[in-house]
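Okay, so chain A shows up in both of these, paired with chain B first and chain C after.
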Partner chain A sequence: MDAADRTGKNRAADEAGGRREGRKARIAVIYFPGNNCEEETMVAIRTAGMEPSLFRWNEDPETLEKFDGYVLPGGWAYEDRVRAGAIAAKEPIVEQIRKEAAKGKPVLGICNGFQVLAESGMLPGLGTAGKGTAQGTHRASFALAPNRNPFICGYYCTWIRVKVSAGKRNAFNRFLKEGQVIRMPIAHGEGRLVSKDHTLAARLVEKGQVMFRYCDVKGNISEDFPVNPNGAEQNIAAICNSEGNVMGMMPHPERANFMRQLPGMQEGWEEAEAAGPGRPIFGSMREYIEERQGAEGNPGEGP
Partner chain B sequence: MNAVDADQIVAVSSMGDEELSRFLKDRVISLTLEEVRSLPSKLGRDPTLTELHIFNIQWSEHSSYKSSKKWLKLLPTEGSQVILGPVEDSGIVRLGAHRGETYGIIISHESHNHPSQVVPYEGAATGIGGIVRDVLCMGGEVIASADPLRFGDPTGKNRDRSTYVASSVVEGIAGYGNPLGVPVIAGDVYFNGSFDENCLVNVVCMGLVKEKDIIHSYAPEGADGHDLIVVGKATDASGFGGAAFASLVLDEKEEDSNKGAVQVPDPFLKNILIRASRQVFRELREQHITAGFKDMGAGGIMCATSEMASDAGFGVDIDLDRIHVAMDGLTPHVIAAAETQERFCWIVPKSFSPRLLQIYNDEFQLPLVAKGAKASVVGTVTKERQYRLSHKGKVVCNPPIDEVTKGVSYERPFRERGRQAGKAVLDSRISLSEPADCRSVLLQLLGHPNICSREKIYKHYDTEVQGNAVITPGQADAGVIAPLRGSSFGIALSVDSVPRYNRIDPFQGAVLAVHEAMRNVACVGAVPTALTDCLNYGNPEIPEAFGDFVLGVKGIAEAARNLYYYPEEKKKSPVPIVSGNVSFYNMSAKGSSVDPSPIISCVGVMKDYAKAVTSSLKGTGSTLVLLGRVKDELGGSAYLELREQAEKTDGTERAGERLPQMEYGEERNKIYGLLEAIDQGTVAAAHDVSDGGLGVTLAEMAIQGGRGIDVDLAFTGLRPDRALFGETPCIVVEIRQGKEEAFAAIMEKRDVQVFNLGRTTKEGFIVRDEDRKVIEATVDEMEDAWKNGLGGIF
Partner chain C sequence: MKKITLAVGLRIPDNTAFSALTTLRRLGHDELIDLRRMDYYEFEVDEEDTEDTFASRIVKTDIIVNANKHHAHLAPVFREGVTFIVFDREQEGGLLHTLRDRLGFGQLTSVRKGTLWQFFAQGDAEPIGMAEKAILELLYTPHYQEYVRLV
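This part shows the complex of A and B:
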């Protein structure tokens, strides 16, 4: 059936998301050959009150300009040849997204999308002298390396907890509280954030560019498996650039977009269909876009 | 009629038997002399080499069901909920109506046993690949899969190979299924020595489709002159003879040559093919064009195109030179019958062909995605009912098309084993001393590879992708998804079949497999709506092995007819078998069959998925009850097997001829009573009693819920080990607190026997026999045993 049939039919979420008058924020969901999370990512975007469009890798990059934000979904772009995300990062559309990010538009990379942002050098976007701009350096400065996991070698799919450890208010954390513990699933073989610059991870924490860190049920950040499911330095699950408009994350917020997706049953359909812990990330993206449009003084006008 | 170029003909009529045998053997054609000698009368001339290869494949067991056809007719396949029975690539059963549209669940069940034994990673991967195509080609979305697996003994004499096969198969399923984005929602796995040289790798796949959008695997009405289009990977020699290979006994000496019969998987290309095909579906619907679409599996282009045309009363004319190939010099029969993966066949009106090619070749750029991949027009559908293939300007094949597709049929001799059902063979015959310590027996069972946690397997799989998850593996007896967004429909899926049971009694083993599959979906709250079967047996040419198959089919038929489905109150119908597969020749090189394995999957439907329940204990101080009486039936139990192994006795007498028996009326009441109780919100957790008995069921509920229990089994009147470890198919329910009376009222109305077990507690696992504590354990120590049982394998 068509995407329109399967998506966006959650009345409660539509009402919550579509309060604002004028046009909805338009989000391009990039499909590189090999991605596989684009459909549910579009659902999450729609339930958060934005309008997603699927954008195929070989469409004209310049037409990306008309969108208000961008999501790079999970999967195996280009079969993860060379390294996860390495080939997709060289695509002209990524260059175009970098340009749009420089204008302040939000860019979210989930799982494989994070790997693409890492390979493209758009993250960590430290924005300090000698280290390039907030849009990165065109060179990867860290890797999402093969998991270190004593239980299962390679790809690992499970529910984890992360602690919100954001610094200043940015495009993705408006509805999250510092110190809050949320559940999301991970599903990857290469998610261990590591850099040959041994100070990088600690500096990212210090600069408030680490958004989520793997933690236990009480919020303790223990390095040990299974709390840290892949051996990432500093338990880093997500980072953003210094401007706070580009974020990459290994967990899948679109798979925690409804309460029913969480392990353990919910009571009743209404509750099962209620917003899950991943939805606020998309909701924040919407508010950020609306705020920018408001600031520009043309909220209702299409490009 | 039937005319071909003269230089293509093989003069079989003038060959003597010896010469013909040699000729066939040299060309790896396994047709019998008799089968070859029947060809000239069908064709009015001697066959061509291409035709010999085509009949070799079409008349193989795998393609023709030549031994099984007669018996499969016993299975009920109809019901008011059936949209499409087992006639095309997948069956379709009705989910229900949503916003004025009727939706169907597509379901298919296949095996990829021999390829997985020979090349485990690729064999398992291409098994997924094939079944995903089967479901996709009905015009729907592929929404879930499940993997029933049977491997050799991980501690036996063949342990290195067995553990290698097991771990590689799991990696292959993950390596292919994960990139595609199809979540694994169910599965089961058993290990024993009968699978040492022949593992079983079955796969079940589900899809979702609007009834009016179903695309059939045959040419549409008025298809005369329509184009035949082959889409996907460039045809190579891989998998040539795969169907015939599936119909042979595996012989280690031929391992290397057999490897060539296994296809090469490419999930990356498949990912893009799925998305491009969805675009084609959309445009066909918008333009109101009816098309035919079919997966290319066994028998490749030849099998797909001949069936598509023949089923609709047409013939075809294909130019093999127009098929995109990966290499030069392929012979016509290899192009026609290779089983290269990631290919489909379309039949569309000529006017739509340019657009179809554009979608695959330009918009989704298949040629850039995989070398040589694309969509090509290869021929036309014709009014003349011939199957005409030409190659380099010569007609190399031209039989009447129905001769290609109608297959052959055999009456195989069979010998049914004597059955004990109905005879008074009591378990008291089993002279088994009471174990000194039931606690250590329970811990041993919990850590047994056939019983312990499957986490080490399913965490390799993407169980969450698509975002439809409601109950994922490890939480309950069946997986549940909610794929129809905006509606409250849930779909449950389970797979079952216990090798031990079938080894002892292939009839009762099949009955119990059907029953457990249905009970499992009922335990989450879904109505058992349809079944699929994959019948994995030994050599059908051996009367005893074929007799096991016959008994299995009879058992499935009996259970499916007696455990009704109620589409409407008071209107009963058998639970239909809407899809299935037969896999013979599962045996060791020395000739001993694998344990008979009628693997059953059950599709359940829920109107409100949010009412689904898992098997983990939810509360402290809740009432635990047992639905159904525990009988003294240790036969076939994992416990008995353990004792036999420990005491090194010959198991034949003890394993018992007496498996758990079945009172269909009671079982129906249990299933429908439980469904009503879940629907009414009176159930907090439910879990069926199966491998390891009541003791293991209770332990799993406690481990998953992180809570304890305090129960008393004196009510059973049985010695504690018999009550705890016998496998009478009861169901344990934790009643929702405050709903005890409502629960009891439903059970009384439904005439279900309910026994009070005890209560849930904060911690500790206590089983009493009146005043005596039979087991006292901590939930942590049970969890340790249960979680680490597969440690050495995966």
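This part shows the complex of A and C:
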């Protein structure tokens, strides 16, 4: 009997943590100097039925090819020097991840990982991202700017609610329902999605590329603090590319992977160990990979 | 109203400048031999203070300058290299509030903070164009920042 059956809660989330027979999906957790969420991210990947490996920034990028998916965890890659994610985004390893993403492999960027994906131009992929020339252009079509709220400058850490808002089925939302409100923590100083293109955020919403939007307990989207904790345009907390295999998100799903990680969790051990609201994202990633492997005709084989 | 400028650099090694230099070289800027960084402040004050008085007072607050690790330059002029400053378009008001309302700089009307980058190149590269390319590639984002060349 699994945790979902014992508690009767989070059944979908626990199903997301199940696994099938055959080779587990292998996920590279990309480690840059300054990251600090890699261990809990690996736990989340493991509990979702996949096999995580830490992949350091200075390893041979071409060996990334053997993995089925990639997670860029949170932290402060290169101490956020220049801007959050700016230095890491120029590393050769990110170019290799871009190539693997183009093959359809899933890439998840969490918090600082989202900042790296944003700076690299891998998101949102509306026809401009990643197409800059090597020199003299800026690839990113948006930025994650310093937080803006009426009370706190800089780093802000709290539990927030987000509303699942993506319309299209993609690599990360298979166990989430549109309109569902879930709790996750945020912890960042630069998470305010802005763009010089003032139509971008609205277009992302319209095209179904916004995965999560900051909301209140009832799911209402309000620009006001604390519902929108950082001033992001359109309350955007997470976006994906148009193909749906690359997602960046400011909240930390790996810190909401077990119910015991949620504030106010006072229940017994069994319920505490049940899947938390962040796990379905990893479970969806696993199912997406299995589906791709099945379609490619090699469900249990390693490269 | 008087504008006072102050540049504050590190006495200790500047890891941010070093990371930026390393990254720019990897991106193909082989002509770049050094890159220096400073915090750059533009203060607007009522004309009660002279520049020197204002600067000596503000340096002593230990908010902007820590004498153990920083050096400060009033009204800086850079005769070597090419210098650009990157500003956030929307400045947060925390520093102004702290200086004016808590530390007694009542004559202060605005503060604008930026990051000053000083480029040193070798070879035949056109230095201003090279520096601006580096700014565009790494040191600035058009989505919430702007940049100017200091001449």
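Observations
The definition used in the following text is that the second predicted complex is superposed on the first by the 271 of 303 C-alpha atoms of A that agree within 3 Å, B and C clash if a C-alpha of one lies under 4 Å from a C-alpha of the other, contacts with A are read in each partner's own complex, and residues count from 1 in each chain.
As a convention for this text, a residue touches a chain if its C-beta (ideal position, glycine included) is under 8 Å from a C-beta of that chain, and two chains touch if they have at least 3 such contacts.
Quantities reported herein were computed from a predicted structural model and do not represent experimental measurements.
In the overlay built on the shared chain, the residue A:34 is in contact with chain B alone; chain C does not reach it.
Legend: residue contacts after superposition of the two complexes on their common chain; A:272 is shown touching chain B, with no touch to chain C.
Of the two partner chains placed by the overlay, only chain C lies in contact with A:196; chain B stays clear of it.
When the two structures are aligned on the shared chain, A:79 is found in touch with chain B and with chain C. Looking at the superposed arrangement, the partner reaching more residues of chain A, out of chain B and chain C, is B.
Across the two superposed structures, the residue set of chain A contacted by chain B and also by chain C is 78-79. Every residue of chain C that touches chain A in the complex is listed here, in rising order: 15-16, 19-20, 23, 26-28, 88, 90, 92, 94, 133, 136-144. Put simply, chain A touches chain C in their complex at residues 78-79, 81-83, 86-87, 90, 119, 134-138, 140, 142-143, 145-146, 148, 153, 194-196. By the touch criterion given at the top, residues 1-2, 6-7, 9-10, 31, 33-37, 39-40, 43-44, 56, 58, 75-76, 78-79, 151-152, 154-158, 185, 187, 252, 254-255, 257-258, 260-261, 263-269, 271-273 of chain A touch chain B in their complex.
Against chain A, the residues of chain B that register as touching in their complex are 140-141, 171, 174, 178-181, 208-210, 213, 268, 271-272, 275, 282, 363-365, 369, 456, 459-472, 475, 482, 484-486, 488, 608-610, 612-614, 616, 794.
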